[in-house]
Amino acid sequence: MPGGSQLRVTIWNENVHERTDKSVMRIYPEGMHGAIAAGLRRELGATASIRFATLEEPEHGLTEEVLSETDVLTWWGHKAHDQVTDEVVGRVHARVLEGMGIVALHSAHYSKIFRRLMGTTCALRWRSAEGGERELVWTVNPAHPIAEGVPQPIVIPHHEMYGEFFDIPVPDDLVFISSFEGGEVFRSGCCYYRGAGRAVYFSPGDQEFPVYHQPEIQRVIANCVRWCASGAMANDAPSSRTGGVRRDWFLEGS
Amino acid sequence: MPGGSQLRVTIWNENVHERTDKSVMRIYPEGMHGAIAAGLRRELGATASIRFATLEEPEHGLTEEVLSETDVLTWWGHKAHDQVTDEVVGRVHARVLEGMGIVALHSAHYSKIFRRLMGTTCALRWRSAEGGERELVWTVNPAHPIAEGVPQPIVIPHHEMYGEFFDIPVPDDLVFISSFEGGEVFRSGCCYYRGAGRAVYFSPGDQEFPVYHQPEIQRVIANCVRWCASGAMANDAPSSRTGGVRRDWFLEGS
Amino acid sequence: MPGGSQLRVTIWNENVHERTDKSVMRIYPEGMHGAIAAGLRRELGATASIRFATLEEPEHGLTEEVLSETDVLTWWGHKAHDQVTDEVVGRVHARVLEGMGIVALHSAHYSKIFRRLMGTTCALRWRSAEGGERELVWTVNPAHPIAEGVPQPIVIPHHEMYGEFFDIPVPDDLVFISSFEGGEVFRSGCCYYRGAGRAVYFSPGDQEFPVYHQPEIQRVIANCVRWCASGAMANDAPSSRTGGVRRDWFLEGS
Amino acid sequence: MPGGSQLRVTIWNENVHERTDKSVMRIYPEGMHGAIAAGLRRELGATASIRFATLEEPEHGLTEEVLSETDVLTWWGHKAHDQVTDEVVGRVHARVLEGMGIVALHSAHYSKIFRRLMGTTCALRWRSAEGGERELVWTVNPAHPIAEGVPQPIVIPHHEMYGEFFDIPVPDDLVFISSFEGGEVFRSGCCYYRGAGRAVYFSPGDQEFPVYHQPEIQRVIANCVRWCASGAMANDAPSSRTGGVRRDWFLEGS
């Protein structure tokens, strides 16, 4: 983001479960986007401005204009990945490569935009037991910005199990690894550089559990948003002392 | 590949320049695939079997059957990336994630299959000067298998310039970096793990220069082919001592 | 190793527990080195030659001559890290950087040689409960050579707990992650490139449990040994087409 | 650093050339530390406080107290690496692993502290030609914080050549690659996570050339300082919802 000014966050939510499943409505009466926003407001305060976008809006709320005014986009989707149009996916993809950050949450591992950015299936092992099971989120890179101020481990009392093998590219920074009661492990906090942009995948946050109300989880998401907020585009001009630097090249494919 | 048996290589070539450009015909009378094959035969001998596939064949020579019998696929394309059907691209992509190796050569950085695997634009900076310019290929990870027996540096007397920023994901293993007479640098040897498969990008090899006849380049390509030749699919069954391991999960998206 | 010839493995063992603790003698009557060797023989057969070296021998069995004839060294130590002389540590360190592979096993995370190679404390979280606890070893990079033919997960019925944060540099390849009954996770299979050599840390193998008799563990160790067996030293001469390559530089510090 | 408060930087300089070599005195009348400080002041302004420490001071100016009040330490040394005491090296090493950032500049690649953190020889190829030669510094990861606002490429008109193979561990983030007129390449901007701390190596800055007066280089160093400024120590306490988390483990070696 331009130095000093506010970090502009757009919270995207599929927002289907919250309108159709009573159990989800009870947990997230303001929608998961509402809980995520509450966490960001507490953690980032006036340094960030927040807007929402949802599936049902025209262009899913992600017009060229909205994206051009977004420094970091968070993404939650599950039931309706296929209803996101390829046009919007392509637009978001291009914006990430130009420098917009993206934070993919939980079941967004299987969203079109995340799979496009990763180039793999993003399939995983999962189990949705009644009442969930305990997840422990361990920090394996305490020097990384997204782990700042995070307890060791974060305890999520009840959650859906996500396990390995998780078919993603090797993370550029692997920060969190979770375990589940069944003994499974999962790379739950993964950072990537893509083009001039940055992407994070953070797995906690199933719609059936109040994970996004948990302060430690909110803290991690705020850390991710901060980490993703890239600088400007790469400056593709040479420094002023250009003596002898050739400029007779082309960009793009050859 | 199954231990002990032959490594099965399929050399894919667009094979357009060789049939239309006189300058290319002179350098590669047997096609670039012919020169690549000659290098692999010298380096790998009887440990590998080689077949060819080209754009003009039905399904571009890459049927399900051919791919199922291929341990490593090498890919050269330039002029006709768009003529490769999405169906074949999807098929190759799936096979790589299942364990087939792929070696993308030179202008294949902009092929559909490489861009699908990478998730980025794969754009770069380039200059095609008359007569080319000297490229030096430096090893920055001498412990890596694809650098085995490679001189420091490899000298390519005349070549097209490829320069940074090259919009690829951060390589899992960066092995070679090239410099050009204009002062540009390029990550010319990049290794990736994708699903159960491995991918390499190796940049030398423009159609206008006899790069694939150069023994050091042939050596690197043979090293890449060997490195890519993955084991079998990941075994997704637990070890025999299974006491207490839950098996009540699902694979794929949640 | 020189192409085609045998892979020369030296199995180094502190060999103190096996001579002083009855419980260990019962599990490892031939020493842990004996069990490790049995596994390598089954997996590598005639492709490898094996010798032993132990702490009590002169120069701990690791003379210049022995090291110069070793392609891969495996290392197990626990009680007597401090008794390994700095001279021998320096010698092993130099040989690794020159191209010898090293496989550090279990409590060798705290050996002088591993800490020297890593540059960090290599401290971890641990618990040595009576009877141990179940460890599950999950593959998170099925395309990696050290995961070839390995079940998902490996089940170790009883083992000492090792947990995060494990103070190592970020692995160049992270292949295995373990979970324990207490819910802890641990990066249990970590690969590194160092100079012209390669190093692996693989954590299973406490002296109080018959882990090195377990075939799946033996398979992983054999995979590690194969992966570590580097080519020759990097060739620091340019290719034959040297037109214009400057050779007026120095190596080492400036 | 504690959120909101000033970033506390200590600029360490060997400060030998500046007092003995007339050519260096002319370029750096205030010492290289003076030029580095001027750059940081321009870039970081009131967000940072700066102090100096040099070799000749008691404990080289790096007492426990100074280090405990330092968020980021920059290091320049060349002639007198051996005069830095092992005690001070051990103290700095421990502080980095606890969370202090360190920026190693130019010939500091061969300093005791950098080699201790890396675990390798840190040797390289170099050439010190009369008048130097042009170095171009290319960004290969435009999304990385240390590349923010940096021209593509940075042109250093006259500099000492540093070339590959540079015997360092694979960087966790490789951000800059340089080329030299002789055709050599060099990984000139390398980031590492070590323990709870972060380290950067940035190669420009030979004493014989006015590199540290160049605004683009000052910008990069400021970016590095900001990137290195870690949060607090990892919090090794679990989250408040601790139901069932075992706490019966030990830290350190087993």
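Order of writing sets the labels: A, B, C and D. Residues in every chain begin at 1.
Just so it is clear, a residue touches a chain if its C-beta (ideal position, glycine included) is under 8 Å from a C-beta of that chain, and two chains touch if they have at least 3 such contacts.
For clarity, every value in this text was computed on a predicted model and none was experimentally measured.
Peer 1: Shared touching chains for subunit A and subunit D?
Peer 2: Chains that touch both subunit A and subunit D, as defined above, are B, C.
Peer 1: Report back the single chain whose CA centre is most distant from the CA centre of subunit D.
Peer 2: Most remote chain from subunit D, centroid-wise, comes out as B.
Peer 1: Please report how many Å separate the Cα centroid of subunit C from that of subunit D, as a whole number.
Peer 2: That gives a centre separation of 31 Å.
Peer 1: Go ahead and note the Å separation of the Cα centroids belonging to subunit B and subunit D.
Peer 2: Once rounded, the distance between the two centres reads 36 Å.
Peer 1: Counting only residues that touch at least 2 other chains, which ones in subunit C make the list?
Peer 2: 134, 136, 139, 141-142, 152-153, 163, 165, 170, 172-173, 183-184, 193-195, 234, 236, 244-245
Peer 1: In their shared complex, at which residues does subunit D touch subunit B?
Peer 2: So the residues of subunit D touching subunit B come out as 134, 136, 138-142, 152-153, 163-166, 170, 173-174, 177-181, 183-185, 187.
Peer 1: Residues of subunit B touching subunit A in their complex?
Peer 2: Counting only subunit B, the residues touching subunit A are 78, 81, 97, 107, 109-110, 116-129, 160-163, 165, 167, 169-170, 172, 182-184, 192-195, 234, 236, 244-246, 248-254.
Peer 1: Using the touch rule from the top, collect the residues of subunit A that touch subunit D in their complex.
Peer 2: Touching subunit D from subunit A are residues 99, 134, 136, 139, 141-145, 147-157, 172-173, 193-198, 214, 216, 230-245.
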